[in-house]
Each structure stands twice: as structure tokens, then as C-alpha cells.
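Next up: the structures, one after another.
Presented sequentially are two complexes of chain A, the first with chain B as partner and the second with chain C.
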Partner chain A sequence: MTQHSNKHHPIRIDLVALLAAFTLFLSTIEYLIPKPVPFMRIGLANLPLMIALGILAPKEYALLALLKFLGQGLVTGTIFSYVALFSLGSTTASACTMYFLYRIGKRWVGMVGIGIAGAMASNVVQLALSRYILFGPGMWLIAPPFLTVGFVTAVLLGLFAQQFVNRSVWYKSKVAS
Partner chain B sequence: MKVLKIGDFVIAILSAVLVSLSFLSYGNLSGNPTVHIKSGANEWIYDIVHDRTVSISGPVGSTVIEIIDSRVHVSHSDCSNKVCVAAGWKDSVGEWIICLPNNVFVLIEGDRTPTPGGIDDTAF
Partner chain C sequence: MNVKRADIRLVAGLVMLPAVLLQTSVLFQFVQVCYAVSLAVYFKRRFRLLPNVLLLITVTLVNVFQPNGLHLFDIGSLPVTAGALLVGIRKALTLIGLLYLSQYMVSAKPKFPGALGRLLSMQFMYVDQIAERWASMDKRKPIQAIDTLLLSFESENILMENHDESVDTGPIILKELRCNIIHCALFWILFILGSSALADTLAVYLY
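Presenting the complex of A and B:
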């Protein structure tokens, strides 16, 4: 992880663009899955953010998170609606949570824990925004399905990401570069 | 290489507790269910055992809600994607239907038992 120790390392646009394209593709897949409310996220597009934790510098990671937000807005056609606010809030919360958890506790926490923490942060922010912007106190009734779906998919995505990190030759080459 | 670390289990257990606690928002599941319909600042509460059809006006038109045989569904909506109509029938406490484009929120709550005569047609 030499790139993290070099503060003046230039942003690797090609690598960020590749991961951003991955988020765009996964956002499209997620958009195809029916959901009871449009701002509910399964979290598929979080996978590149999880994989990127070990290979991107802080600026590159922030850029990837921004591109994920913009990509999701473009794919779902919600970039100029209130849904974009939910997307921005949830992406910021999950990206920050996963990034700092990885930086502080990667010896003790793997991709499953990081993924769950990111999903919970994302869902709690979405529920809080919907509580104060849309529906008032009654919105907490949607918390159980929101959190349950987020928890289950985060475990599955975390297991996949951990296997990818452990086995991918491409990932190891990027970490070593 | 290990797939799971000790922190994964800690975070998973804490999150599972959070998810479990969220189910407390369903309130008293044994209570008599009432249908709450919210549109903007208005809220209407209907006894689920009394059949009726309610039409709510919103930003994109009307949302028609039917309560039949202790179940509730959105039978018609002027919104474009009809997610609320596709949600189908709901009959259990804690279930909900949302029409975001028309700003209509239908949920079944169970912690308020109607008095004799029923909480019926209450608007506030």
C-alpha cells in the first residue's frame, strides 16, 4: 500500500474510472430490482467502494464516492430530485464509515464487518432524512425492512468482497503498485 | 487467509441487535389494527374491519385506497410508475404502502384500540 504513504501521489484517473464504471454497472443492476420506495438501496454499488479501500488513496476514494453518487443519480434519473439528497447522504455516510473503520481497525475487522457498518450508517441516514423530510414519525415503521435488507445484503457483499480481496491477482497487483 | 475476523462478529452482533430493536417500532402487535392514511399535514385513521373506499388528492392527482375484508390496498393512482398499486394487499400491523409522487402514506398500526363506535373518519 505504498500509495497511501505518498501524500503527493497523483490521482490515478484510470483506476478510479474503472471502479466508478463498476459502480455505474451495479447501480443499473440494482435499479432493475423492484423496491417499495425509490430511495431504498440494496447496496450492490457499494462493492467497488469496499474493494477500493485497500487500493485507493483518500482523494481517489472520495472521488470514487462522488462518482458513485453521480452515477446512481444518472442511472435512476433522480439526480435533480429529492432522492439525490438521500443518495448523497447515504453514500457519504457509508463511504466515511467504511473508510475510517478500515484505516483504524483493519487488523480486527474484515470486509464483512466493514460492509455491515457501512450499510447500517447508510440506512440510518436514509431513515433520518425520510423522518424529517418526508413522512414524520410514522416513517420508523419502514425501519425493520430497511435495516433487515441492508444487513443481509451487507453480509453477502462483505463475504464476496473478502473473497475477492483474498484471491484476486488484479487486486494484489493494485495493492502492490 | 481468514474470511472473518473478530471485529466482523462484533459488528454483526451489534447490528443484529439494532435490526431487532427496530421491530419495536411496530408497537403492540396484538392491538386492534387501524389504517392510517397520511397526505401532507393531514392524517385519517380508519378501522380496518369496516369496508370502505377512500380517495386522497395529492400533487399528481388522486390515490384511491380500498379497505375490504380487513385488508387494505391502493386500487388506483394517478402517479406514473404505480409502485403503490403493485404493492398489493396489506393486512398485518406494521405493513405499509407509500406513493411518493402523490405524497400518500398508508400504514397499518396496531397499538391504538378503537373505542366502541370506532375511530372512524377522524381527521386532524
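Presenting the complex of A and C:
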């Protein structure tokens, strides 16, 4: 199923929906993993967003980010709560940061660097929202452990994404097409 | 009548949201939160006590660092004030209340209209397929497993099935409508009570 966004760039609906489903699947897996502290997130659902950097066109990538947000919001039931605001803010920030960094600096920055940039952008937006919605100025007390956990998980996820990009047959076939 | 249960719950939730958001009394907000949790749980959404308690404690503790109002006691050199505690508890209760209200709003599985709605349906169909195929895969080599999984969807078209075949009948809609009017009314009654002198009297009595 392919829809034409304009005469030159058809949106690959199948591929976007598959990757969006993959984000949802990974976020379900992450939900099942017990976490020692409430603010700890592995960010597994960002893996398809990282893989998609070399495959999707800007409109397709934006659609993927939107589907990630909507899908997660609907499945967890948080779409009409503050949590959705955090999710939308962090997804938009990380998707934009990763996409622009990939487009501008892919010669110099690998998946680890892109992952760290995306995670930091996401975390900073979440901290800023927490500052105004939940915690007030005291929020900066949570910032150091929050950013540290985000950094470590981003490095691990970036290493995994880099390995996948290097070794995946599926990825190579998509890049070639 | 082309109204669905999902639409009624969605609209009812939107009507109830401001009653929680604008609530000024912690006590009546707590009752609203319990009500929202009960609604979500009744419609088979999951409730876990520990994450909510942790959220309540974390938000309250962080807010304690901004002294405000009556000085209660000190933790080391940190003054704990009644105003800061109340602000923290209110923020946490609002967050939890909206969370479960949101769960109630999507409990009847609302559908997005148009192309985006079809795309979301397709996403959920792929999720089912991924979960099914992933279960039978060797996960000891995760990169290979994900690659095999994604390759398995190549040259395959996921058929867009229409999962929205069920039609809500008149009596079901009326019952849903009646129930939701009652829920909305109760949420707003709690809001009015929270803004009235009764809340102040109860607060003095409790504190």
C-alpha cells in the first residue's frame, strides 16, 4: 500500500507502519522489564527511529514519530493525560535531533553519538516540562541521575543500533532500494 | 444514531478533565482520583499501587524544597512547610487522576478517523504479527532475530481487516450515555464541594 504525498516522493505506508509497530512492540517489552528506579528508561522504542534514519524520507520519518507517540498513548491509555505531553515532547525532540544530526553529520557521527544526542534532547525536554508541570525548581535535584541513566542507556542502544545497521540484511536491502 | 460507546467515553472524559484539573481541595481531589481509578479498573485497565505511591512521594518530596506557608518541621537544614507539601500532593494527585481518566477514555478503543486512523489500525495489525512471530524465534542472537523478523514481512501484504464490525445498539448507547452523565455530574459535584466552605471546614477538622 503506497500513497503519494506528491509527484516525486511516495510515502511507503507499509514500511512506516511496520517500523511504528516495531516501536510499539519494543515499548511493550520495555514495560515488562523491572526498573530499580521510576525515572529509569532504557528507550528501546527508539531503536526503530534510529534504524529508520538511513531508510526513511523526512515526511515518512515524521509520520513514524507521530505513530510512535499515538500508538504508545493509545496502548498505555495515557494519550489524554500529562504523560502524553511528555511523550510528545520527548519523541519530537529526539526524532528531530537524531534526524538533523544524521543528515548533517553522518560522516563523523555514528549511531552511538546520534543515540546520545537524541536521548539528551529527549531528557532535557522532559526535565523542562517536569520543571513547569510537576516539580518546580526542585526538579534540578533529579536532573543528574536522570541524565546519567539516559546517557548510559543511549550508549548501549547506540551500540546495538550500530551493530544492527552493519549486519542486517533487511536494512541493507532497504537502503539499496 | 451513529454514535459509538468509544465516542461517549471520550467526550465524557473531556468533560471530567477540568473538574480534576481545577480542583482546589486536596481531599476532594483525592476522592476524584479514587473515582477515576475505579472507572479505569472497572473497564479492565490495570492498576498498580507501587508506581503511583512512588510518584506521589517523589513529586511531593521535590516540591518540599520550595518552602511555602506554615513551617511544620525541619529535615536537617531543610524547612518542611505545609504549603509546599500541599502543592506537591496536589500536583501528584492531578497527574494520577488524569492518567486514569485517560485510561477510561480509551477503554472502549476509540478509532481515529481518515488516513491516520487506517495507518494506526495497520500499525496494530503489524504489532500482533510481530508478537506472534517473535514468540517462535531464537532470541539468543537478538540482532539476527530482529533481522529475520523484519525480513519475514518482505513481499507480504498485511491485509487491512475491518475490526470495527461491531455496531453499538440503541439500548447500549443509552445505558452508556446515562452512566457517563452520572460520572460527569459526580466529578463536577466533587469539584463544587471542593470549592465550597465544606472543604475548608473539613480541612480544619482534619488538620
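Basically, the second predicted complex is superposed on the first by the 161 of 177 C-alpha atoms of A that agree within 3 Å, B and C clash if a C-alpha of one lies under 4 Å from a C-alpha of the other, contacts with A are read in each partner's own complex, and residues count from 1 in each chain.
In the analysis below, a contact is a pair of C-beta atoms (placed from the backbone, for glycine too) under 8 Å apart; a residue touches a chain by one contact, two chains touch by 3 or more.
These figures come from a predicted structure and were not determined experimentally.
Asker: After the overlay on chain A, what do you see for chain B versus chain C, clash or fit?
Answerer: clash
Asker: Which holds for A:120: it touches chain B only (first), chain C only (second), both, or neither?
Answerer: It touches chain B, and chain C stays clear.
Asker: For A:85, is the partner it touches chain B (first), chain C (second), both, or none of the two (neither)?
Answerer: A:85 contacts neither chain B nor chain C.
Asker: Using the superposition on chain A described above, determine whether A:18 touches chain B (first), chain C (second), both, or neither.
Answerer: second
Asker: With both complexes superposed on chain A, which partner does A:175 reach: first (chain B), second (chain C), both or neither?
Answerer: In the superposed model, A:175 contacts neither chain B nor chain C.
Asker: Name the contact category of A:142: first (chain B only), second (chain C only), both, or neither.
Answerer: both
Asker: Identify the partner contact of A:159: answer first if only chain B is touched, second if only chain C is, both if each is, neither if none is.
Answerer: Once the two structures are laid over each other on A, A:159 reaches chain B alone.
Asker: Looking at chain A, does chain B or chain C touch a larger number of its residues?
Answerer: C
Asker: Please work out whether A:151 is in contact with chain B alone, chain C alone, both, or neither, and reply first, second, both or neither.
Answerer: first
Asker: Would you check which partner chain A:112 touches, where first means chain B only, second means chain C only, and both and neither mean what they say?
Answerer: A:112 sits against chain B, while chain C stays out of touch.
Asker: Pick from 77-85, 131-139, 149-157 or 185-193: which stretch of chain C gets in the way of chain B?
Answerer: 77-85
Asker: Would you mind listing the overlap between the chain B footprint and the chain C footprint on chain A?
Answerer: 38, 134-136, 138, 141-142, 163
Asker: Note which residues of chain A are touching chain C in the complex, please.
Answerer: By the definition above, chain A touches chain C via 1, 3, 13-14, 16-18, 20-22, 24-25, 28, 38, 63, 67, 70-71, 74, 77-84, 133-139, 141-142, 160, 163-164, 167-171, 173.
Asker: So in the complex, the part of chain C that touches chain A is made up of which residues?
Answerer: 13-14, 17, 40, 45, 51, 54-55, 58-59, 62-66, 87, 91-92, 94-95, 98-99, 101-103, 105-107, 112, 115-116, 119-120, 122-127, 129-131, 134, 142-144, 146-147, 150-151, 153-154, 157-158, 160
Asker: In their complex, what parts of chain A are in touch with chain B?
Answerer: 34, 36-38, 105, 107-110, 112-113, 116-117, 120, 134-136, 138, 140-144, 146-148, 151, 155, 158-159, 162-163, 166
Asker: Enumerate the contact residues on chain B facing chain A in the complex.
Answerer: 1-12, 15-16, 18-19, 22-23, 25-26, 36, 38, 83, 86-87, 94, 96-98, 100, 105, 107, 109
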